[in-house]
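Multiple structures are listed underneath, in structure tokens.
Two complexes follow with chain A in common, the first pairing it with chain B and the second with chain C.
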Partner chain A sequence: MVPMIARKLLELVLVIFFVTLIVFFTFRLLPGDPALLKLGQDPTPEAVAAIRAEMGLDRPLLSQYLHWIGDLVRGDFGASSLDGKPVLSLLAEKVPKTLELAVLGTLLSLFIAIPAGVLAAVYRYSWVDRLMRSVSLFGFSVPAYWLAILLMLIFAYKVHLLPAGGYASLAENPWLHLKGLVLPVLTVGIINAAQVFRFLRSGMLDIVNQDYIRTARAKGVSEALVIGKHVARNTLPGLVTVVTLNFSLLLSGMVITEQIFAWPGLGWLMIQSILSRDYEVVQGAVLLSAVFIVVMNLVGDLINAMLDPRIKYN
Partner chain B sequence: MKKLWKDPSSAFCLSFLLLITLLALLAPLLTPYRYDQIAADPLLGASWSHLFGTDEIGRDIFTRIVYAGQVSLLVGLCSTLIALLFGVVLGLVSGYYGGALDALISRFLDGLLAFPSIILALAVMAVLGPNIYNAMLAIGLVSVPIFARITRGSVLTMKSREFVEASRSMGAGDGRIMFGVILPNSLSPLLVQFSLTFASAVLIEAGLSFLGLGVQPPTPSWGSMLNAAKSYLTISPLYSIVAGAAVFLTVLCLNLLGDSLRDHLDPRMNKRR
Partner chain C sequence: MNESLLDVNSLTVGYRDGSRPISILNQVTFRIRKGETLGIVGESGCGKSMTSLAVMGLLASPLQVQEGSIRLEETELTGLSAKQMNRYRGKDLAMIFQEPMTSLNPVFTIGSQIEEALAIHLPLSRSEVRKRAIELLQLVGIPSPEKRHGDYPHQLSGGMRQRAMIAIALACEPRLLILDEPTTALDVTIQAQILELLASLKEKSGMSMMFITHDLGVMMKMADRVIVMYGGRIVETAPIAKLYEEPLHPYTQGLWKAIPSADTLNQRLYSIPGTVPDPREETPGCRFAGRCPHARQECLAAVPPLVPMDEDRSVACILYS
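Up next is the complex of A and B:
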């Protein structure tokens, strides 16, 4: 287990290194000189040179990159160009709101996808399976923004049951907070459920056709026990992988969902910052979400190694 | 291809995709209005002269939907081609040469894959500026790793097979083996992925435009139409519904098509049926 963790950690560091490179060079491509952006119209050449030196733009790229990494490691993600607030504290304020949607959305999707996946695998190639697969294709192809708008149309404007968006703090107004959660969580959960279902079904079908399942059946083990014990146990690592991998898709969908429901999370912050050209914040948000995904994948690998002893030795 | 037409669901998908392509291509012949022409009062309901009604400033929604189809399909196609090109080259090189180069390329792709697709595309658009070409580039970039992984996988299984050895012993160079021998034999998984990536490219393009960071007005896009429609949800629900349905049906058909391609091309799947 220990060598495996060590190897995974090394890989993690390498991947994060590439992530920082990609972010660094993407934001270096910004058209126009960041120094000129800061100074506004018609600055004197001396002022430009001064601010370039202050921002470190006159140094070679490698030195700029190392400097930037050094700042990041010390927790300095730069400051918002709008109000000078540190980017890290802006992000820290938004992350819990996004995580709340992500976790609840994932739970909802498991709640839908696990029973559906098991049913589809048990009654494989029957009408039940076909029905579930058709429904999942809907969830797989429906754009998050359209689903969100349709849900809003039905539950906020036709039935007036739920708010069409907005965020109320849990401490100040718990009831409104919960009501505001329903539609975004439904949007995220339904789309994610389709993904999980597809993986779960095909994963279980792969296992159902394995020799050891045939052996179990030949020994007279009941179908319920075959599925409930042998198949389910062996599908679990795959399920963990799907859930952790899906966090990437989840965050993608979240950007749009948060925007539609005016849910002030990380995705919402990112869009606002892009629109107001606050690139330091955008850069921080992009970097944070990628690092988060990399760490989630590592967590998934480690859980799998605990669930399945075979993985440890590979 | 013939087999696909026999299967009812893929026949439906092919027909729908053909229909929407034709609508997009023949747009100027199909509608009497221009996409930026104010043709009537704003937010009219459906009628014979305005099939899906009119939008917030009185432009014909049907006209805008078919013109937006041009944009969505073009961005989807070009970005998928960009991803295919770069992905295949990276995958071939990293699978064929292996070693440190493979490790370097693979970690780079892992790094690229770590970004949630819309977030990376948004960042690239924010930096390059929102227009149709940058959208193709941003969306293409996001899908490079998946093509690279698929190609690398088939190179690894094929590298030591007899027919590759045979062409090497006949004096074929590395480039010839990669592009002339291995690549033609890995086309089916790439074709399946092409369909699926096309679907996600359309989805991401509409997402970017929905957020106002994709194709810029007055050029119509399904995503930006949906964003405009959102504000008139109570007055004109049809507006939101048709704009979203265009994206949804296109993506659904591309996904279904990818699925049935996989069923027909993957010998493992045929055996099981």
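Up next is the complex of A and C:
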């Protein structure tokens, strides 16, 4: 277990290193000069040179990169070129909002998908299974923006039950905060539920046909325990992988959902700063997203190492 | 020794293909006496596994018993619900499968998989269950059973896993142990050890066995009486000695010719020409006619019935009727 964790941590550092390379050089290669952006219309060449020097843009790329990495290691993610706010505090302000959506959306998806997946696998090829598969196909094939707008039309414009979007602080206006959560959480939850359901159904059907399930039946294990113990226990590692992956993707990129519902999280921040060419903020946000993905992947692997005895030994 | 434990009568198993019923087993009739080992032999695809799964009530949909009866002493097993059948599975009836590598659940310890069988059927306390599981591991010849009890299947070799399977099957001292090619997946030396173990366990317990193999050589070591299956039917049944001395059915004769012996060792091994028919394809008359060296016109007229030749031998071939 310990060597595995060490190896995974090393992998994590390597992946993040590569991400910094990609992030840094992609943004340098993009057209558009952030110095010009800062200065507004028709700046004098002297002013441009001055601000480029101030931003370090006149130095060689490699030196800029090393400088940036050095700052990152010290916890300095730079500052927004719009208002000079430190990137780190901007991120720290957005992440909890995204986390809230991601956690609730994931919980909702499990709440829907686990019973549905188990039912579909137990009553495989029956009408129950067919019904659930059709419903899941809907959730699987609609784009997030479509579902988001549909929900908004129904619950905000037809029946005026919920706000169409926006964020109210939990401390100041808890009721409005909760109402604002409903539609984005539904959007994320429904789409993820469809994915988790499809994995669960096919995963369980695969396991139901394994030889060791026949062995369990030959022992006289009841059907409820065959499914609830033998099948479920073998489906769990795959489920953990799917859920942690989905969760990390939510953390790093609910761009569309947050945009539509004006939910000021990480995805929303990313779009805003791309539109305003706020390099430092975009870099910080992308880097943080990558870290989320890599860390969640590590978490999934560690959980599975505890769930599946075969993992520790290879 | 003469009392029946299992009576299988006119068993027909199959499924529906649209409106067409397909039969994989046809009119299979045999019995297993108390303390007896009945062998079932035949090439791959002849319906041996299907027979054993039908007895265990483990036919997977869409397969089902279409006709006939399976009686365990006084109890009719066909038509029992899954719940009722679970009282017999693992208790009176136990089964060992061909593939030791995939037949054990990879995420549970060997010990817990044995204990599960015990806990379902016997009124034992947790500590008694554990004690009995370790005894079983010892019984099937697994070294340092206390330690192996906590091992996962992937930590054991194929031979040791099959021993663990045997321990699971024997947990509740079944009256009938079904073994479906239990040594086919193992290499020769391990195979010999497992057969020896099974023979000695049988000796000690006095249980009955249904021993399935495609290998007549293995059958010689294990079986008292043998049924030979071809194309989902029984074509010959006899005590193993008679079957060896004088195989009657042309298919049985072919099976004997196909096993390697000292004088055929350096030659190309004989095999019966042709292949086992698919249950979906209908053929007139004797199922074996397409491959039989003695086949003639009359063989195609009707399926030859299984006819008794003497008190303990029957054969289904027009050469003997």
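In this text, the second predicted complex is superposed on the first by the 278 of 314 C-alpha atoms of A that agree within 3 Å, B and C clash if a C-alpha of one lies under 4 Å from a C-alpha of the other, contacts with A are read in each partner's own complex, and residues count from 1 in each chain.
Just so we're on the same page, a contact is a pair of C-beta atoms (placed from the backbone, for glycine too) under 8 Å apart; a residue touches a chain by one contact, two chains touch by 3 or more.
Quick caveat: nothing in here was measured; it's all calculated off a predicted structure.
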* Joint occupancy of chain A by chain B and chain C, clash or fit -> fit
* Asked: Regarding the shared-chain residue A:Lys219, is it in contact with chain B (first), chain C (second), both, or neither?
  -> second
* Counting only touches as set out at the top, which of chain B and chain C does A:Ala290 meet: first, second, both, neither? -> first
* Once the shared chain is lined up, is A:Met152 touching chain B (first), chain C (second), both, or neither of them? -> first
* When the two structures are laid over each other on chain A, which of chain B and chain C touches more residues of chain A? -> B
* Asked: Which holds for A:Ala144: it touches chain B only (first), chain C only (second), both, or neither?
  -> first
* Structure fact -> Between chain B and chain C, as viewed from the CA centre of chain A after superposition, lies an angle in degrees, nearest 10, of 80
* Have a look at where A:Val255 lands relative to chain B and chain C in the superposition and call it first, second, both or neither. => first
* CA minimum distance (chain B, chain C), superposed complexes, angstrom -> 11
* Which chain A residues are contacted by chain C in one complex and by chain B in the other? -> none
* To do: Would you pull the chain A residues touching chain B in the complex into a rising list?
  => 11, 14-19, 21-23, 26-27, 29-31, 137-138, 140-146, 149-150, 152-153, 157, 209, 248-253, 255-256, 259-260, 267, 270-271, 274-275, 279, 282-283, 285-286, 289-291, 293-294, 297
* Interface residues, chain B side, partner chain A - complex -> 107-108, 110-120, 122-124, 126-129, 199, 203, 206-207, 210-213, 223, 226-227, 229-230, 233-234, 237, 240-241, 244-245, 247-248, 251-252, 255-256, 259, 272
* chain C residues within the chain A interface of the complex -> 56, 58, 82-83, 86-91, 94-95, 97, 99, 102-108, 116-117, 120-121, 152, 154-155, 165, 168-169
* State the interface residues of chain A toward chain C in the complex, per the touch definition above. => 210-212, 214-223, 230, 233-234, 307-310, 313
